[in-house]
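Scroll down for the structure; my scribbles are underneath it.
Chains: A, B, C, D and E, in written order; residue numbering restarts at 1 for each.
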């Protein structure tokens, strides 16, 4: 039962990673790519970590996994903000249809 | 079981291919920034290689340095390069030299490259398939080493003398950088609240992780070099967020921390030499805590040195500017 | 041909590619990157060949050598970068010119 | 008392003392000169102690950490190591005294820590019996060398230092790959064990090629010498002296050591290649030296040519001759003394006239008789005229070449001697004549003049000490040496 | 379970290889950096998967260090390397 949920979460995570990469490759400008990448990948990583945490042998191992996710989230969010702000300040224009 | 081997084999092959491709692109791409980003990616993938080669200790070091510090160093250097290089006169000199290279001068190095790869590859392939190296010797003496992680045992005990000298190398790099004098002014004081809060969270975590790696190094992958690199990263982050310290604090205490690693090593070596009759001969019962002491000092020094190397100039020169 | 040997071969190829870049490219920053790639290649050879032991433990001695090697490589890189910046500051060029300047 | 002296581990002191001194001089910049001079003197005394010990008890062996090879690292010293340590101590003492007055306060604070750590690295290098440990010491020597070469921060110095950094890092990497191949061929990095275990296989050949290439680059063997003239000529005078006298010798020593211990029986052809490059270096370096208009560049090219002589040992020592490599050890010592003296002289002349243009030396002999005298004496040794250390070394080498019927080597050595005489007399000639443009000379501190003279005189005195020095070189009989100590 | 971990790791590596295209293509400096950021997250996931497959706690530490250090590189980029002009090699 646990294995089943694990597999489901891991596969869902992989799907989000795929979506993030497709976004990175296909979206038209920096801001949309930023949007696709940071959100999709962080969710993907979160799902994967949830899947792996279910398998973890101890609570501390699971805790370490969650800590990693938290750090990636924090860094990802801050860096996305910094890049977007930097791009705006440097005059990179958002894409318009 | 078989499917796993195939999947792993594919993973390895893809990794090898990616690394080769990246290395080639780093060398051949026109844009320097692109080369640096590709080099950071190269370091990232190298860490995965170390995992595949069952070298978690190296993977940790590479994760901190190859994928982190080196990238930060290179980017800071590129930034300074753009800042100090507005001279048009120099551009004339370089563009004058930009004639199209002739065909042989393009092809010859490539031919040499292929020949070297073939020669060295042949040499590698004629090595015996099985070789134990020093594994039996290490296993035999592990009980006397005072630690349970064989890599730490080699680093701090069996070949601790090498590590002592490597600490000197590290210090020398910094002395040479300082001897060159300051490179540029510090980045302006940070006003960005997001960056500040990021630092507020990340720096303590980095320091904690560093302590953890130092502590765990005796029994599991980790140790002074990894811990020191992570500590150095904390310093780099502080410097990037425009951290300022009082002049007076920096001068003497910083120097003290910088020499702590090699200094403690030398002092312990000398003391052991006079009491035990041998250079770095630890008494078996005391080996454990002596190694921890050495590693703690080394961690501080490595961290401080890496951060100071990132900073570039002598801290004192800050006031002059 | 086993997996460690493939990584060892990758190591010598990286060494050679780095050597090629070091000789062919002129910009000092590129040369510094080239030296780093060469170093990574050597580290790979050291560690990959240490996996040929029959037991479960890979040879820890090359691991120790490589860990110190990585830290020393980054410090040498930092020194090289600083030297390059100072050179650019003084001479205005990040390329070493072969023509002797002191023919005045 | 004698027992106490010969029991003490001078070898260990030789490594720890300068390293510790280096750290101290970094921590207390106000006392650098005192710490520096005290450390260098202590090192010199320790070399004497080690010499006494080796003469009474034979080769020195120390298993660091008590592990012993192959797991641990061994320290090892025989006659050849002692000789190199003597070079360190003698040149180090001379240059250190000179440096007392040469550098201003700021430069001195940067010079001494780097130089003391360099000295520690060099001592560790000459005492090591472990090829990976040798790599680490090479890194110390290389990085300290770069720091020293860039000490003056002038554009030329930075340019030279950059060239040197690139060359030394590349050389180290080639050497390290060779070490990796040797380790995985024999499962050890201990030189005596390697000598026992290595067979003539493709990986050993590849390692030989890589190590030779890497060390030849560091030693500036023609045609890999491209970095040396700029790096050595543009550094401060004491630094040039250290780089030319000590640093290039360190990598050569490793090559010689590995050759004698590991590679000699397993190789044919490579020795002749190295010999041929050595001959080319002698001719090319001398011709370049002759063409230079600036004194320091001339001296630097002279180093390229003099290093060429050292490489003649490889074809000659293939026959297993003791006299060939002892001749080279002699050459190393005398060249180190003479060349460091020459660079110090160049420093004096630059201090005196503000330039080092050979054509404008302007009767330097009248104002700086001691300095010009030092140059002349050092020149005698470089040319290989009797009675000097250079003469003994070249004479031994020439004899060996004659014995083995290697007329090509004999002729090249003769030509090299004539060319050396030409470039040295050119300088002396200008030192005696009046330059078309006169200038305001500045006084040179006495210490700087006398220390240069001291080194030059030492190079001459070597010519009278052949028999005791040969006795020292015989300790451990390097040819079958390290294994014998086990 | 093992097989799934390895296969997913392989899948993520392919993903990462695809992201290389963005690094090469750019067009802006930030785009390249962004792609490198993706590499960091993906590498963390791959490491964790391999760690689980090998049952190695040390690899989780490595993933942790990765997660931390990727942020440092990115901050270095934002604060330092992101200048207007792009340096070009001379040869």
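Quick note on the criterion: contacts are C-beta pairs under 8 Å (C-beta built on N, C-alpha and C of every residue); 3 or more make two chains touch, one makes a residue touch a chain.
From a predicted model like this one, the values you see are computed outputs, not experimental measurements.
Contact with both chain C and chain E is made by B. Following the contact convention of this document, B is the list of chains adjacent to both chain C and chain D. The leading chain pair by number of C-beta pairs in contact is B-C. The chain with its CA mean position farthest from that of chain D is A. Chain A and chain C have CA centres that are 33 Å apart.
For this pair, chain A with chain B, the centres built from the Cα atoms lie 28 Å apart.
If you average the Cα atoms of chain B and of chain E, the two centres end up 18 Å apart. The geometric centre of chain A is 12 Å away from that of chain E, both derived from CA atoms. Of all residues in chain A, those that touch two or more other chains are 71, 74-75, 78, 82. Taken residue by residue, chain B touches two or more other chains at 8, 32, 35-36, 52, 57, 69, 78, 81, 94, 97, 120, 124, 127, 131-134, 138, 158-159, 162, 166, 169, 173, 176, 180-181, 195, 198, 202, 205, 226, whereas all remaining positions touch fewer. In chain D, the residues that touch at least two other chains are 132, 136, 139, 143, 146-147, 150, 153, 158, 181, 183-184. Residues 1, 4-5, 8, 11-12, 15, 18-19, 21-22, 28, 30-31, 33-35, 37-38, 41-42, 44-45, 48-49, 52, 55, 57, 60-61, 63-64, 67-68, 70-71, 74-75, 78, 82, 84 of chain E are the ones touching chain A in the complex.
Residue ranges on chain D touching chain C, taken from their complex, read 132, 136, 139, 143, 146-147, 150, 153-156, 158-159, 161-163, 165-166, 169-170, 173, 176-177, 180-181, 183-184, 294, 297.
Contacts from chain C toward chain D in the complex involve residues 12, 15, 19, 22, 28, 31, 35, 38-39, 41-42, 45-46, 49-50, 52, 61-62, 65, 68-69, 72, 76, 79-80, 83-84, 86-87, 90-91, 96, 101-102. Here chain A touches chain B in the complex through residues 71, 74-75, 78, 81-82, 85, going by the rule given at the top. Chain E makes touch with chain B in their complex at residues 2-3, 6-7, 9-10, 13-14, 16-17, 20, 23-24, 26, 29, 32-33, 35-36, 39-40, 43, 46-47, 50, 56-59, 61-62, 64-66, 68-73, 75-83, 85-91.
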